[in-house]
Structures are given as C-alpha cells and as structure tokens.
Amino acid sequence: MTNQISAFSTPDLNDLPEDIRELILTVQEKSGFVPNVFLALARRPDEFRAFVAYHDALMERDSGLTKAEREMIVVATSSLNQCQYCVVAHGAILRIRAKNPLIADQIVANYRKADITERQRAMLDFAVKVAQSANEVSETDFKLLHTQGFSDDDIWDITSITGLFGFSNRMANVMSLRPNDEFYSLGR
Amino acid sequence: MTNQISAFSTPDLNDLPEDIRELILTVQEKSGFVPNVFLALARRPDEFRAFVAYHDALMERDSGLTKAEREMIVVATSSLNQCQYCVVAHGAILRIRAKNPLIADQIVANYRKADITERQRAMLDFAVKVAQSANEVSETDFKLLHTQGFSDDDIWDITSITGLFGFSNRMANVMSLRPNDEFYSLGR
Amino acid sequence: MTNQISAFSTPDLNDLPEDIRELILTVQEKSGFVPNVFLALARRPDEFRAFVAYHDALMERDSGLTKAEREMIVVATSSLNQCQYCVVAHGAILRIRAKNPLIADQIVANYRKADITERQRAMLDFAVKVAQSANEVSETDFKLLHTQGFSDDDIWDITSITGLFGFSNRMANVMSLRPNDEFYSLGR
Amino acid sequence: MTNQISAFSTPDLNDLPEDIRELILTVQEKSGFVPNVFLALARRPDEFRAFVAYHDALMERDSGLTKAEREMIVVATSSLNQCQYCVVAHGAILRIRAKNPLIADQIVANYRKADITERQRAMLDFAVKVAQSANEVSETDFKLLHTQGFSDDDIWDITSITGLFGFSNRMANVMSLRPNDEFYSLGR
Amino acid sequence: MTNQISAFSTPDLNDLPEDIRELILTVQEKSGFVPNVFLALARRPDEFRAFVAYHDALMERDSGLTKAEREMIVVATSSLNQCQYCVVAHGAILRIRAKNPLIADQIVANYRKADITERQRAMLDFAVKVAQSANEVSETDFKLLHTQGFSDDDIWDITSITGLFGFSNRMANVMSLRPNDEFYSLGR
Amino acid sequence: MTNQISAFSTPDLNDLPEDIRELILTVQEKSGFVPNVFLALARRPDEFRAFVAYHDALMERDSGLTKAEREMIVVATSSLNQCQYCVVAHGAILRIRAKNPLIADQIVANYRKADITERQRAMLDFAVKVAQSANEVSETDFKLLHTQGFSDDDIWDITSITGLFGFSNRMANVMSLRPNDEFYSLGR
C-alpha cells in the first residue's frame, strides 16, 4: 500500500482555478496543512465548488444543532459506512468542537455507549436510520424527535448532514482517500 | 395520506430569491409543470443552489457515459434505496433520454434482467456496490471496469452520481416527497 | 440479452395438452396476447395445472380483500424479491383492478409512501414480514391485523398470496422470464 | 404454548369433502397417523387440492434427482427459513428416503458439513441461492450446475422444490403449525 | 467428505499431558465414547484447560437457570451460528437434561415455536440478541428480563453462555468438527 | 450516562481472592492503572481465571503471528462487533506493539485501507469471515492462507483470537464496560 492520496490522480495546486487555489491556501494557513480531500476533489473544479457550498450551507449555518453535534452525526454515520478518511478527519474536528479528547473514539466504536445526552442519543439514532433505512422513516420518527426538542429544521439538518456525508463516504471509499497524518493527534 | 408535497412546509414561489424563482419558472416552461423536488428544496435556498450546481456538474458534463446511462444509474440505485420520488421522476427522464418506454420499469424491478449491454451491466453492478458496500470497493473493481472500456473519469462519474442520488434518496424519503402525477406517463 | 421468453426452452402451443392449449387461447382472446408465464410454465403440464388451480383458488375466491388489494400484495412483495416479470405484469393488473394509473409504480418504489389506506398499509406491512421473516410472525401480528378489521381468513389470504407469489418470483427469476411488452402500458 | 395444531381453526375430518377425507385416511393408514399439515390445509379444500397436486407433480415425478435428494433440498431450505414443521417432518422423510439416520440433522445444522457428494453440495448451494437471492441467479449458475451433470430439467426441479417449500415454510410459520410427535423418531 | 474428526490434525491420546488424558478417559467411561471436541481441542493443551475451566464455571455453577435452560441457550444460538457439532452434541445433552425427546429439534428449527415457558422465551430472545447484535443491548433489555424474574447474575449467565459457545461455534466451523455418531440418538 | 464501569456491580479490590488481587495489582504497577475489564470480570473469580488463562495461552504463545498482528485481529473484529471497550483498549495496545500511532485508528475505520501488508490483509479478511460467517469457511480459505505463508497453527490462532474476543465483545457490550480514560492517548 503506497502513501498516495487517492486512487485517482490529483491536480497540482498551481494548475487549479484561482478561486480553488486561494481557498486551499487559506485552509492551509489556518490548519497548518492541506487536508487531502481538497486536493482529491479539486480534480473536478465544478464539483469541488458545489461540495464546498453544500458543506458550508449545512455545517456553518445557524442551527438548533451545535457544531459539535453536527460533527457527531458525521462521525457516527461515517463509522457505519467504514469511511477511513471521514472517521479520522471529522473525529479530529469533533474533538476540537466538543473540547473533548475522548468523544470521537467513543462514537466511532459504538455511539450507544458514548458520553452523550439523551437528546444527542435520539439525534444519532435517527441519523443512523437515515443512513441505513431512510425508506422506513415515518411520522413516528418525527414525533420522537419533536419530543426531544428538535424542530423540523433540525430534522432537516440531521437528514442532510447524514446524506451529504454518506455521499462523501462513498466517494472517499472508492478513492481510497488517505487521511493526513496530522488528523490523528489533533484535539487529543 | 394527503396529497401534500413534502413532510416539511414548502415556500411560496413568490417568496423565493429571484435566481431560484427564475430557475423554477424556466423549468416549468420547458416541462409544463414544476417538479416537486424544486419547491421542496427551495425551503433552503443555499442548499438548493448547491444541489443544482452539483447535479448539473455531473449530469450535464461531457462524459464517457451517455445521458441515458447516467439516468440508468440513478434509477437502479434509487430503486434499491426505495426512493419513490427519484424512481418515478428519473424513470420518466430515462425513458425520454433512452427513447425506450420499457427500460425504466425493467431497471426498477431488476436491472440484471433489463435490455442493457454487457458494459451497462458492469456499470450498474458497480453503482450498486457503491450504493451498498463502498467500503469493499478495491482495485479489482477498477480493473473490471477498465476492461469494459470505462476510464477513471467514468468511474468517478458512476461513483458521484450514485453518491449524489443516494443523498437525494435519503432526503426524499425523510420528506415523503411526492412525485408529480405528470411523471408517471412521460415517455411511454 | 436476447428477447427470448425464458432461460428454459418453451413448448409450441400446438404440442400442448388440449386443456392447457384451450386455457391459453381463452386468455389470448380476452387479453389480446399470451402472457409469457403461460408458455413458460406449460413446459410442465402438471405443474401448470396446479399453479393455475392454486392461483385461481386465492385470487378469484370471495375474500375480505378486494381483488385490487390482492394485487397490491403481489406487487409489493414481488418488488422486494426483484421479480421483473411479476412486477411488470401484476403492476398492470393492479392498475386495472384499482382503476388507478399511479398506484402500481408507487407501491413498486416504496409502498410506505403510496396512496393507500391505513388498513392497506397494515396489510402490506404484514405481507412484507411474511415474505422476509415469516419465522418471526407471532400472535402480536394477528392482533394488530384484527384491530384493522382483518379476519383470520383474511390473514390466511395475505399469507398465501405472499407465499404463492414468492414461489413464482423465484421461478421467474431463475427463468429470466421476460414480461410481454404489452404489460408496460396497460391501465395507464 | 398449547398443543393445538395451528393458529387457524382446523376442520373436523368428517366435515371434509369426500376426496380430501379419503386422501387423508389413506395417508393415515400408510403412516399410522395424520400429519398435521393435512388437517391444517384442509380448511381450504381448493388450496389443499392444488398444493397436493403441485407437491406430487414435483416430488413423485421421474427426475434426475433422487427422492432423497429432493428431500435434502426441502430440509436445507426449510432450515434456513426456520420452519419447524417442515424441518421436523421432512427430516423424517429424508432419513427414510436416504436410509441414513444422521443425514437430516447434519443438513439442518449446516449442509456444508454434511455427508453428501460434491454434486449434492452444488445442488444445495443453488437451492439456498434460490431461497435467499433468486434475483441474482444468472447463466453462471446454470453452467456450474451443468458441469456437475445437472440438466435444465434438474435445475427446474431444484428451483420449483425450493419455491414450493418456501411457500409452505411461510404458511407453516404463520400457522405455527405443530409437527406431530411421531416425526421426531422416524427413521432413526 | 471423509470421516475425519477435524480439519486440523488431532493428537494421539497417549501423547497428551497426563491431566488431559485422565479427563478424557473419565469422560469416555461416563459417556461410553470420547466426544470429538476433546481430541480436537487437545491439540493445544493450555487452551483445552482454559476452555474446560470456563465451560465448567458456567455450566456447572449454581445458577438461577436450570441446566436444561443453559443447554437451551447453547442449542438456540449454535443453530443460528450453523454449528453442526454444537447443535448435534448439545441437542443430545438438552434432551437428557430436560428429559424431553422433542425439545432440542424444536429449538434448532425455530425456538419461537418450541414447547417452552414465556420466561424461557424471553431468555432465548435475549441470547439471540447477544449472539447477533450485542452492540444494541441496553437497559431496556435488562428491565424486560427482570420482569421475567431473572437477576443480574442470570443475565450474566445468559450472556456468558451465549458468548462462550459463540466462540466454540466459530472454532468448530473452521475445524469442520465432526459430531460423533453416538450423539444423534442420545436421549430420544 | 454515568461514569460507572459496568452495568453489573463490581467487587472491591480488597474482597477479591488473593491470586486475583495480586494479578490486578501487578497489572496496575506495570500500566499505571487498573484496566476496567479486570474489575468487571472479577465479579466471577472462576471465570476471571479461565479468561486470563485463555487470553494468555493465545496472546503470549510463540506463534507465526507477531503480537502486533494478533492485536490487529482483535481491533478489526472488535470494531465490526462495535465493542467500545475492546476497540479503545486494544487500539492502545496495538499502537504500542506496532510502534505505530496511526495503525489502530486506520483498522478501526476500515482495515481494507490500512497501512498493512498483503499477508496481513489476508489474515484480517479471514478473521472477519470467522467473526461474521464462520459457517461458510471451507478448504478454499485454508488454501488461500497457506499461499500467504500461514500454517495450520496460524489459522488456528487467527480463529481462536477472533472467537475469544468475539466472546469478550459480547460481554463488554452487555456490561456497557467503560474504557479507562488512560487508553485513549496511549501509544500516540
């Protein structure tokens, strides 16, 4: 197994459209490294832009879910989908967002045994149902989430985050996208 | 079961941002009706724009896959995910793109028995694997697809289309998104 | 993929026993074509007769289930079993029996989102359980169905129709039984 | 748990149509007892006759499969479907047909470890595929079976026996059909 | 298929460490034969001793579960794991412990239809959950078992017996461990 | 969710039998803390001793598998079984044994994408098969492993380690056994 980033060839940073190159350089400045997903997706500039737009629309918006809770959803469902890149990278982000060095590994292994609230447990139960059997979601699920204080917009967020990352999980698995070494120790 | 479009409330066309309202009116003019997915997604303008951008980047680009083949992927994987809206709406589009009134119903029921080429069969076998067990995709799958004449970019397309619609399938199932009556008879 | 009817050779109409030949000609007169399942099964006259007898005993009898409801069961469970012939042929029959051009495609894609009554939903939930995990059926299921007004005889009917067509689904899949082109547009 | 035969009420032998009563009395005379399936199915005379006709057409016909091999198929697939009546009753018949007191229990537990020939192993592998994923059966399966000396008619028989008993398994599980005590020790 | 005991070579009784040889001879004296599992495991004396110690700690201890009930757990879960050796050998032990010639075959086929008490049904439902999805066990399961009169120690026993035999089932399946002919007729 | 160690009450160190107390104190001296599994299992001294004996027989013996490889098996299969304690604790041990801070997280997420050799990949593929479908293991699996240089004794080790920890996984999940905080950062 080589240390290449992706099963698909990746573009040179200097050959990228200006907006994408700038975005990547900004991330690099902030994080200290370029997460591999940026270079891998930049092979397709239009899709890169759409993905970033979708991601930010969901992960940066004002929401009834905290940013840490949104990352919990990403980590729990990416673990079910066995996506190495998303589990490692978003595990790091979750540790940072939640200021908790243990929470990501707990959720990766079995979210039912993690140090989370009852409300967060209901949120992850629903996310897992959306990831694995959305065809069986019904009004009963909505009612249960309302009982835990989630609004319809919160349910939309849980669903969309699960769906968008389920898409990423499939891309990353087909790419054999390699997590940067930096992620493993972040936030511990 | 009422005839409402979605489990989430949908915005009034006149309250939408101008770019989205125009896009929807253009679609209406071309198709003769507004596909429900547009109104349902417009509840969240930023996500609406990102979805349309992603969709067009994949479905309208020059590709080694014909437009009909791309719709075959959507129909086969949406059927596995039991997404009523996507099966009915994209079944119609597939009939039109392929100029074949039978192909959509064949693929919905069991793509392995459909009137498709051996190459298309390999394409759908891979799409189904991406939808159901992307974690097990390996170099062997790439080799098999190369043998059938698919390039790496074609493999990217199959993966991304499967992933994007897997996301839509989950959204539509949670929304109980209702297919417009018009779709059922289109292209027959 | 050729357009042959079945993976098994099929008999010539003129070589068939008189009773079977007559039955097939009667069907042809009534429908305007000979459904392929008749020719495919006629390869084995005794089994042909037993199948027709069983089919008619269940589908023609006086029952607490309407004929349209019985076809709903066939369509919902045949879709789960991915039987192309049964989905296409009985989808047509369901459209005709229910005088509803949309209902079959809705149930094929996801019966939970179809325009059916709560009682029909309970009927299909049970049929799906019989098709997929009859070993777990218990008194609790009977009670739930009684609550919806189903008698023990109705439960027998749901079970038997699911079972008989589960048998047909397996035959048709091994045969690669081809649906006649005529079915696709019937009742639309 | 009471010792009743079936979750559905069963008819009195004397109230049955003459042909069915006679058939049951003949079986009783030959076996020394009335297998419960006869009384349970006799609740519906027309279905009873169709089932017996289908059963005999498959299990009594001249075939490339011995009668013991046909019972192996019934036992292996009924075990997967967790049908207590069929496993116990046809386990007894298999012991008698094969003149082997061990073979049924071996196949019930795991047919892959049973004392059977390579050809019989291929037959049961196919039967299990028909029972569990007939939608994936293809020409490749036919070729494999041809290699083991099975004709197309033999493949038909394996498929039909698996299908008919898959139907019975579902009926018997919903009925909670009770195996007669006599079956357990027969042929040991 | 030969009649060898195991896919791994087995030691000669005379070459075994004295304590193991004596234990085996004692079993032989009591049962009239040496169960094959003893010779198969004796290939690794330290593991043999640990297995016997664990087995006896669970199966011989004073417990809220009768010895017959403990064997019910072994038989029900070994059947799900398709372990031929454990199903046949412990089926015999269960018949003897329960003084009931029918109970083992009933549980092997479908424990939900066996002649057991409601309490035993709850016990086996939990054992099956531990065998198949222990990751989903929660306080709710404990409460249900408490309602049926099981103590925490009883729950420990159900869990441990299921776990230890799940381990054995995997060993025996990889070994293709052959049940001794003597087991099949014991206790009938 | 409280921070208790186990759903079952745990004994006081001072009330434990002398040999167990000493063993635990020795571990504490070496590791700097008492892994929770020791206190949880000590509730049952005889089972504690049997588990330790079995564990050491497999994990400390001379073997064709390195100690790091044996921990890879534990981590890969415990992750599939969603056992939080085993994933976290043995993830730490694997990092230490392999002197590699990344390898555990890689294997937990998806061993198919981890930095392991082809031989180790074959080892984990087999371990996963033993964990999930040991009933389907056959000579073909042995041959494949022989090709990669594994002896029969190595195959025994892979099987037994998978089986023993599959047992632990079930115990720990029912116990809701809490990993010590110390494990998360060990070996990073």
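General remarks:
Note that the chains take the letters A, B, C, D, E and F in the order they are written out, and that residue 1 is the start of every chain.
The rule we apply is simple: a residue touches a chain if its C-beta (ideal position, glycine included) is under 8 Å from a C-beta of that chain, and two chains touch if they have at least 3 such contacts.
This is a predicted model, so every value here is computed, not measured.
Looking at chain D and chain F, the chains that touch each of them are B, E.
Shared numbers divided by all numbers used gives the overlap of an interface; between chain A and chain F this overlap exceeds half, so the copies present the same residues.
A straight line joining the Cα centres of chain A and chain E is 44 Å long. Centre-to-centre spacing of chain A and chain D amounts to 51 Å, using the average Cα coordinate of each chain.
With centres defined as mean CA coordinates, chain B is found 23 Å away from chain A. With centres taken as mean Cα positions, chain C sits 29 Å from chain B.
Shared contact sites, meaning residues of chain A that touch two or more other chains, fall at 82-83, 110, 135, 173.
Going by the touch rule set out above, the chain pairs that meet are A-B, A-C, A-E, A-F, B-C, B-D, B-F, C-D, C-E, D-E, D-F, E-F. Chain contact summary for the complex, chain D toward chain E: residues 1, 79, 82-84, 87-88, 91, 101-102, 105-106, 108-110, 113-116, 173, 176, 178, 181, 184-185, 188. On the side of chain D, the complex with chain B involves touching residues 135-136, 138.
Those residues of chain F that touch chain B in the shared complex are 110, 112. Across the interface of their complex, chain A is touched by residues 7-9, 43-44, 46-47, 49-51, 53-54, 57-58, 61, 81-83, 130-131, 134-135, 137, 139, 142, 152, 155-156, 159-160, 162-164, 166-171, 173-174 of chain B.
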